[in-house]
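All chains are identified by letter, namely A, B, C and D, in their written order; residue positions are counted from 1 within each chain.
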């Protein structure tokens, strides 16, 4: 393997450093999600599995541009962004496989995970509901005098139809908070196509109505995503108020692993939105000589091994024990209500 | 032929659509896709233009149903999960529930809530929300526990001129089977003796009916016969049937899958003690889910909600008193 | 009086017919509301009083362009639009004064009145909530094959921030329903000024984000309102989908009669938005010789008499009797729940 | 000096703002205007930048408070009327109430709900929503009935690390007066004997405490002494204090202004009968509002909700049993 590496010129390597870094996180997310799908088919997963295949380029671009101290509230299809923000293969597997050692301790699962104390908010299912949360987090930071903080949150085309999206983004715009709302327009909300979801020509048309800046990009193009998301996050960080990002892409899996996604228009798969962003990015890397095809394959092998090893380890970890649960929903035990 | 609880719900909607041109369906992914649970499978094809996919907007879904009802339609709307109805709750409790009282114009909408826990569904896809809706005046809240009731009560719900909150239990969707759909039905508002007994009464509803019957069978091995009352409707509540059962048995246990504070079990006990205090030989008891969000992991979930085994031990305790 | 009338040329009269008709409804609303304010001060009113002074030109334009068979869901400040749509001085007074004979029978009051069976929906307080209702009413009409129907509903600048507004308008746009949403931007929501309510340059900027047509006008100019609202309603009627109307104006009273509205920026009162649309319309009528100042005064006298007489009559009407109430919230008595 | 219930709420917020830099206020019209009821009058001026007017967006108001709480702030938010909290209910019950259980991060927000009926307020400005919130795990639900409690419990609420639903009663805002603000306070979660007695116990809360005390005075003319228990907190519910009172009196009447189905009264009765069945000499009774929306006209409203006189007759009936 090391021989292959030597073949590439140094300059091209540096140039492509961020791109490659992002690619490798995308790859990790992809491989991890493939494992999750396999585990799901094997009946090893507790609950549903909802994957982000085809959305890694956009998602990773969000996570990679955020810093420690920023706030990130990912949504369903953000495995890549989560990992870029610091989430691990280990905790992902623990959560899906039901280990008691996962960050959610079996109390919540799959995509509903996070570490709020580290700025990594744990989504609830109700779509749109994370937007005001991030806005509020940013407001609190401002109130205590912090600046230069950014909060980002992701949502789908379907999620834009929620009242929570509207209220949260509007309130953030009024406060001119450094909020970045990333809309992954993957053409469907579960089975519902865009033309049953909204009537505007482009979701970006919504930006002006909130008085926020808008950014549009091809969500299958990692370079375009890194650039546009990077600009949006910088703008928010420097005080330009909320930023709305709209990326067009296609989810290349079912809504969840139970779903065969037959409803997806076959024609879309042949268009730009239907490209696999991971393959597109891989091709760009090779073309730019940032790495060779062999290196790419080696990276994949590496992640696969890590993912397999971690899954094996996690499957031996204990399940949460209902007898050890304190079954108390509040943090103030004196105020616990007691039922006979 | 074998018909599931879910089939029954689909068939009831098909029949309502076929029988009454005023009926239409509105909700997320219910059209060509047939719904997240397939409760509307093929209906869009069979009834073109009358099974409409909505945007991801619970408030608008309910609000539009109410407007349609004012104009004489009889919409059935699906919340993808009961839990998401919190986003449409304002329209339900403040608009649908008050319309008739305020204006004299009835509001015949049916809100289908795929309710209750299944393993691995977690805090936001498992809730039992009947107590929230039953608390508000102006709503009818139904909780069918059998394939037969899923069918006939949904058909009945469409005929009711008032807003009906139809709490279907997801755990029963594919688990519960019957030989055929019923031709006749008990009237809505009447409870049902799901299992006759003489030593104690368990009042319950929805999926818990089956846990309670299993518990009763278990306790029967000790020589005690427990009567299980299936409420069917939690608002109105058929106090008479409950009182008649307690008059026979002298003991009452209420079992519900919902959170413990308030709710159906508290309401049943309040009624029985107010109206049938003298019938009770022992303190009425209740068993609910634990007072935490519904946990995701099946190992926790199995303890969080009542089960045949926890119902059986509560029943044994009640019988020993 | 009849001598005065003769002085005007016939042609001008015809030309101004709609304008004058609208003006006279505005005047009725104004006089009726002045009476309500006086009754409120006199302690005769049950509950609060929320008036539309300054918003009559916009409101009347909505009601006057709707036809029998259309749907109208007015909001707080729509006394004029209500009257144009058929609401009466009598029922208004009955509702405010608590007569048992009012359409709401004492069960609801003041602005929360309507006759849904006649297409005149009765608002609930929760702002935004009427939008999906009208959309749903229109959907039902379409499903049963009716066309050429329009549904209009009004809302304030504050109401645009609600999730219900967003969800309802979006869903209507997806269905391309003949819904007209009339936004009265009176610069404040209770005490909250526009700059704490939204961040877009103009509320009309929201239209494109919903994919609906937008119409903007000076809400203090009756002619402009009649024209723009008329166009919007015609467009909806002819199948052009939802229409959004934004009118700038100022509420010339408190939020309710308990409110002195001291928070209103005095500078606004001097601007165009601060003009009294009734006075502006009156001036236009006189200037165009559609009527004389004396006629205008006579019209006012006429309404004042009617309003006073009606109020006196209503004050002698019986209150609702709690012992005659059936205290049942549903229409199916067999399903009434009984509490011990 | 004379201090109203409303003054107490304002003073508590002023003190919380003064004592704790993490506290801030967010809500509609609460800034320069001082709030629809003037509960935040002058606070924006006294605490610049910490009393913020929100847009007309209940969901966002609650959601932002939760996010701020995650970051260590302690927001107090005002719903302009409790009734409008249905539009923010999803964030309250699904986000605030689950945060600690799910993530281990507490959610110290206070949601102020101007609650309850006043004459002429009608169906949408009169609701008592404690039962909805108490049903959901993860929330603390407080219902102060006195000027002293309005003050000390609101201060206490700000200190609690969990989401607190603070149900202030609008009818008490200006009616209820005290000489001074308390320096000490009963702990939150403890009920209070508002009037001692021996013949029957009335358990109640919020504005109904005063109706019940008046009723007790009326019944005292017949020679019966009724003990009135003011719950103060409906979740947690202080079952011990209730049981101790019932142990003394043997009779229980629960009175609440909320709708009758489920709710505080049902919950109290379910607990007392489960844990203190043997203490009861008569069937426990309850008195709630009628099962319709709150009517607008004062003549109807006066019959819809319990009053001193209807409580007195319910109490007399209970005593005659």
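Criterion: contacts are C-beta pairs under 8 Å (C-beta built on N, C-alpha and C of every residue); 3 or more make two chains touch, one makes a residue touch a chain.
Since we're looking at a predicted model, the values are computed, not measured.
> Using the touch definition from the top, list the chains contacting both subunit B and subunit D.
A, C
> In terms of CA centroid distance, which chain is the most far removed from subunit D?
Following the centroid criterion, the farthest chain would be A.
> Could you state the distance in Å from the CA-based centre of subunit A to that of subunit C?
46
> Need the CA-centroid distance for the pair subunit B / subunit C, whole Å please.
Once rounded, the distance between the two centres reads 41 Å.
> Nearest whole angstrom, what separates the Cα centre of subunit C from the Cα centre of subunit D?
Those two chain centres are 36 Å apart.
> Can you list every residue of subunit A that touches 2 or more other chains, as numbers and ranges?
As it turns out, subunit A has residues touching two or more other chains at 104, 107-108, 112, 124-126, 161-164, 167, 170-171, 174, 196-198, 329, 337, 339-340.
> Tell me, which residues of subunit B touch at least two other chains?
Expected reply: 54-55, 57, 59-60, 83, 86-87, 90, 94, 97-98, 101-102, 123-124, 137-138, 235, 237, 261, 274-275, 285-286, 290-293.
> If each chain is a dot and touching chains are joined, what shape do you get: line, ring, star, complete or other?
complete
> Which residues of subunit A touch subunit D in their complex?
71, 103-105, 107-108, 112, 114-117, 121-122, 124-126, 129, 131-141, 143-144, 163-164, 167-168, 170-171, 174-175, 329-332, 334-340
> Quick check: in the complex, which residue numbers of subunit B touch subunit A?
For subunit B paired with subunit A, touching residues are 28-29, 31-33, 36, 53-57, 59-60, 81, 83-84, 86-87, 119-125, 260-261, 285-286, 288, 290-293, 295-300, 302-304.
> Give every residue of subunit B touching subunit C within the complex, in rising order.
Spelled out, the residues of subunit B in touch with subunit C are 21-22, 24, 49-50, 52, 54-55, 57-73, 75, 87, 90-91, 94-95, 97-106, 137-140, 160-162, 187-189, 235-237, 239, 271, 274-275.
> Would you tell me which residues of subunit C are touching subunit A in their complex?
So the residues of subunit C in touch with subunit A come to 161-167, 170-171, 173-174, 176, 195-201, 205-212, 241.
> Could you please specify the touching residues of subunit B with respect to subunit D in the complex?
83, 86-87, 89-90, 93-94, 97-98, 101-102, 123-124, 131-132, 134-138, 235, 237, 258-259, 261-267, 269-270, 273-278, 280, 282-286, 290-293
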